[in-house]
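Look at the two complexes coming up: chain A is in both, with chain B in one and chain C in the other.
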Partner chain A sequence: MIHNHKTIEARPAPSSTIGPIAWLRTNLFSGPINTLFTLLALYLLYLLLVPAIQWALINADWIGTSREDCSREGACWVFVNARIGQFIYGLYPRDELWRVNVIFAVFAILVAWLAIPRLPLKRWVAAVTLIVFPIFVYFLLYGGYFGLRVVETHRWGGLMLTLVLAVVGMVAALPIGTLLALGRRSHMPIVKSFSVVFIEFWRGVPLITVLFMASVMLPLFMPTGVSVDRLVRALIGITLFQSAYMAEVVRGGLQAIPRGQEEAAAALGMGYWKRMGLIVLPQALKMMIPGIVNTFISLFKDTTLVMIIGLFDLLGIVQAALSDSRWLGFALEGYVFAGLMFWIFCFSMSRYSQYLERKLHTGHKR
Partner chain B sequence: MSYKNNKLVMLTSVAALVLGATSTAQAATLDDVKQRGVVQCGVSDGLPGFSAPNDQGEWQGIDVDVCRAVAAAVFGDSEAVRYVPLNAVERFTALQSGEVDVLSRNTTWTTTRDTTLGLNFAGVTFYDGQGFLISSDLGISSVQELDGAAICIQAGTTTELNVADYFRAHEMQFDPIVFDTSEQTVGGFEAGRCDVLTSDTSQLAALRIQLSDPSGAMILPEVISKEPLGPVVRQGDDQWFNIVKWSLFAMLNAEELGISSENVDEMTNSENPNIARLLGQDGNYGEGMGLSADWAYNIISQVGNYAEIYDRNVGLNSPLEIERGVNALWTEGGLQYAPPVR
Partner chain C sequence: MREQASISQASTTATMVEMRGVNKWYGDFHVLRDIDLTVARGERIVICGPSGSGKSTLIRCINHLEEHQQGEIVVAGMPLTQDVKRIEQIRRRVGMVFQHFNLFPHLTVLENCCLAQMWVQKKPRREAEERAMQYLERVRIAEQARKYPGQLSGGQQQRVAIARSLCMHPEVMLFDEPTSALDPEMIKEVLDVMVELAEEGMTMLCVTHEMGFAKTVADRVIFMDQGQIIEENAPEPFFHNPQSERTQLFLSQILGH
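Entry: the complex of A and B
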């Protein structure tokens, strides 16, 4: 008997196991109960999305200059359109806006440089971003030098102010927080107790109280005629508050590094700062990324609290615009816009942190 | 609205008095202001018709115009103002600590505030009072007919207390429905959660615009509380107090004498001695306040008379369309009355 061995050609997997239909079957319609839930979810989405899209896009009014241009059937984006300059720059003088734009552009370039891995001179760019750039921002925004007109901080506002508050808070809180975390793990009693008291105090009070104290009580302690700028007061309050949170995030990272690492470094004859700076912190920092970014995102959103001390951040300027008697009744549009802006920033930060984690992941994932 | 967070205000203010006794007796505000080159004026952080930034980012409103009038009187330049947006709680501290020179922030003149906070009220820019907004098709024309009504109220204001007092005094029942923000209050009214919405009349006008059909709602004629709103200064500097007070009086007198920002230049040639005195053509009435003779001229030409600032911010030329009512001049049956310039 001669068997005719013939290889069957490789055939594609049956359509019931791969492809979109299979995906649908396994994930959404794998049984009567799941099918029911899927249909129910689709129906709920339909109920929710259709009116939302109709309001925000189909029935919305986009072009015009005043409330008369809005039919009020859908969203009145005319309002946001008329105020967009204010939402981004606050009450900054119109003919000086180029200064803010220059800062936005430089900031974007620096951040992009740091974020794109191929570009060289990372260390120098980071130093410029952290040290030179803030000074540059101060001189350009506030003015008073090089023939620039002084723009007082009470005219700053909108997205610009939100970014100033958030970036200053983040940049200042990370080093202070790291020092506090090291201080809390230190064996020196004074350093340790100072760190503990500082952290526990600032973590124990709500940010809104800190801001309120800074704006309502602090001026009364000052000698007559001496007043600290409101923005500076808010910045100091936010930085102190944020440092305490950052310290605990950093401490969490430090605790994850085995003792042996530090002991080995000590055995090699390294001093404290070398042990920390070269051995412990570099390993710890990359484990802290989710925590740090989490703190940053929550700080970014917390900046809206400065509204209560009369600073017009993004949300504050939207609310002020809502009380212009020529634009009454467009609260929803204003809040949707503010929410969207915040989401864009927070989501970008979150994505960047995930990218960083993947990049720095070198066998330490636990 | 104007009473918001009263307790906290009192607390911080008392603390302010205890701690900041040094800052209350601050004399010669005028010198400080002149040296600085701007009047620091505390305004609301957003109240329709009273103070809010417009599309161009300039502050607008009746409270803002008071600031501009003071700046015009002092510097001859109504733009020489630094606006400091303040919320209800920090407003008195800001004034006491010298962060602002004048507080023009829809603040109700009451005994406690006038006598215990180390402050002086410099006059009344707007006679407000708590009123009622009602759907037109209910066919109700008086507060007396509201027995048993469901009333929408914004939380945290003494609005609720005023209503309770009024209804108890008139032996009527009501059902309070309390909301957090003005948007929610309007939403509740519109959704039919209540028959009536109560707030200060100046705010009712702003709330009414936010309804989907503003013509379907009307404001009842009665008010149940007195809320005289005006600018406030620190106690202990009578010169500055006079400047703010007479800046307001100048605008009222200008309306009474028929002087407006449009005709003020022709009026400088007027034979009427009252007009000549006000505009500095006859005598120097600014001298006693440390101002120039044309102080009132500057106010009227740059800011306008009282009718102008009323109409463009809250009156018939504004979206709020609030009638003059008690805010009319005394010659027209209202309460606005200014002593003569003499």
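Entry: the complex of A and C
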């Protein structure tokens, strides 16, 4: 039998019976030990937060153009202010920045469209995001067509590069990972063993090794004279690495679909690809979304490792700026800024995945 | 060319399903033993037997949801082989209804009925929907066409599953305990649909323990035990004068209470 309960969450009692004082008493001061820990925790928070706030906000310098403007003992955000262009766009030519901005705007719109539940045509927007958007990004960022100036990839950097690495890695890894997951479940011995070996190989190697291999080994396989762009090398490495993880996420989703679904489709005369594409994968996708978002978050953070092969992602460019002789001694500000940027992105993604998880729990209907 | 010949031959054969010396093992376990079974076009067959006797396995071999290891199965004149194209060809002529309905929960009732028409038979959407509505009407559930399967009762879901299968215009229908997952009050609505189908002359192989249904529609009742066909007979003599001891025991158990 297929049951379809819509469970209603237990709700807290109406606020009249439980005020803030009562809440404090039951949760924080319910006994001597609880009270002790509460006070201890409050004291630790006080020790940490007060200086942090003083440093970051109250005693900080915000306005100015050079280090002379940072006279107070707090943080010198002037440094971040002066360098924000580089942190976001890398060394992208100043008069071509509109190209990056257009991409940021389109990307924000697409993501918002996918995230806001009420908007229609989700499927089409997802398809555009995954297929059309990357092509659009390539032509606009790299240029060389439609009268756009070519901007070599070594000038790409900062947040923009971080996003390019993470999004391309992700978008390319989805189809490859799906194929690998299907391959791993296949009954054909060669396909199956290839998938297993591929997945287990990439999952067993740290990304940093993959990046080294991509930058050192890939050129060896190329005909002499052909040099592969450094960014492309990193992208290939990241994609292969990410595909292996994606394959396991997809496999988890596939396993959650009852066998009867595929049997019913088979009994109707549908071939393998139709059974997968029309019946099994669309249902599995729902279950995979939280897992996909989670691997995306870790990939997003892992992209910082491209620093070691000479690409300047957000963290890399912050670090490069720290060695500028005019701004020596502001490392803390730089790292706090980079950390905050990563945190904002990862936190919003993690919230989104939690929201999806909750939504998926309440019923199987659309 | 040979393909062509076998198909045109197929549509005129009087034998719908033929199994000759079929054997199947799960590892060491011998599930089907020397099954010989011939089903004529238009014949209604009920298969019964104790749990684990291989009834499901038997009918699932006919559309190759399970693979047999020995013997020959011919469906609508086409021998069942390993060839994927051949298997799909046969599945298009064989409809199947499952114990747990197996409707596609992410699609509406109407989409459930249209999907295979559009992707397997390459029908335009409008035509597929027209036919789907026609069959949904026949199983008396047309008004639920826009709902999702999860919003229907078990009996309603099973009727949708029957309609979905009929939309493909199968020549033979396989039923695997279509009512045994249903609450008692819903069994009748599904059986009624099946009786109508039988009266229209559909060839049917039905695994069921609904002996009332067997008496009204079956041309033959087959009793299976431990992977073997123990007895087959018309319903009248089968129920009133069972030959083997095991059949007698089984009948007394299911009719007794």
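As a working rule, the second predicted complex is superposed on the first by the 333 of 366 C-alpha atoms of A that agree within 3 Å, B and C clash if a C-alpha of one lies under 4 Å from a C-alpha of the other, contacts with A are read in each partner's own complex, and residues count from 1 in each chain.
Operating definition for what follows: a residue touches a chain if its C-beta (ideal position, glycine included) is under 8 Å from a C-beta of that chain, and two chains touch if they have at least 3 such contacts.
Just so you know, these numbers come straight off a predicted model, no measurement behind them.
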item	value
Touching partner for A:282 - first (chain B), second (chain C), both, neither	second
Partner chain(s) touched by A:325 [first = chain B, second = chain C, both, neither]	first
Which of chain B and chain C A:309 touches, first, second, both or neither	first
Touched partner set for A:267, first chain B, second chain C, both or neither	second
Which superposed partner A:40 touches (first chain B, second chain C, both, neither)	neither
Which superposed partner A:216 touches (first chain B, second chain C, both, neither)	first
Residue numbers on chain A that touch chain B, as the complex places them	72, 82-83, 85-86, 90-92, 94, 152, 154, 212, 215-217, 219-225, 227, 307-310, 312, 316-317, 319-326, 328-329, 331
Contact footprint of chain C on chain A as seen in their complex	1-2, 4, 258, 260-261, 263-271, 274, 278-279, 282-283, 286, 363-366
Chain C to chain A touching residues, read off their complex	63, 65, 84, 88, 91-92, 94-96, 98, 100-106, 115-116, 119-120, 148-151, 154, 157, 161, 164-165, 168, 181
Chain B residues touching chain A - in the complex, by the definition given at the top	12, 15-16, 19-20, 22-23, 26, 32, 45-49, 52-57, 60, 82-87, 89-90, 93-94, 96-99, 183, 206, 209-212, 313-314, 318-320
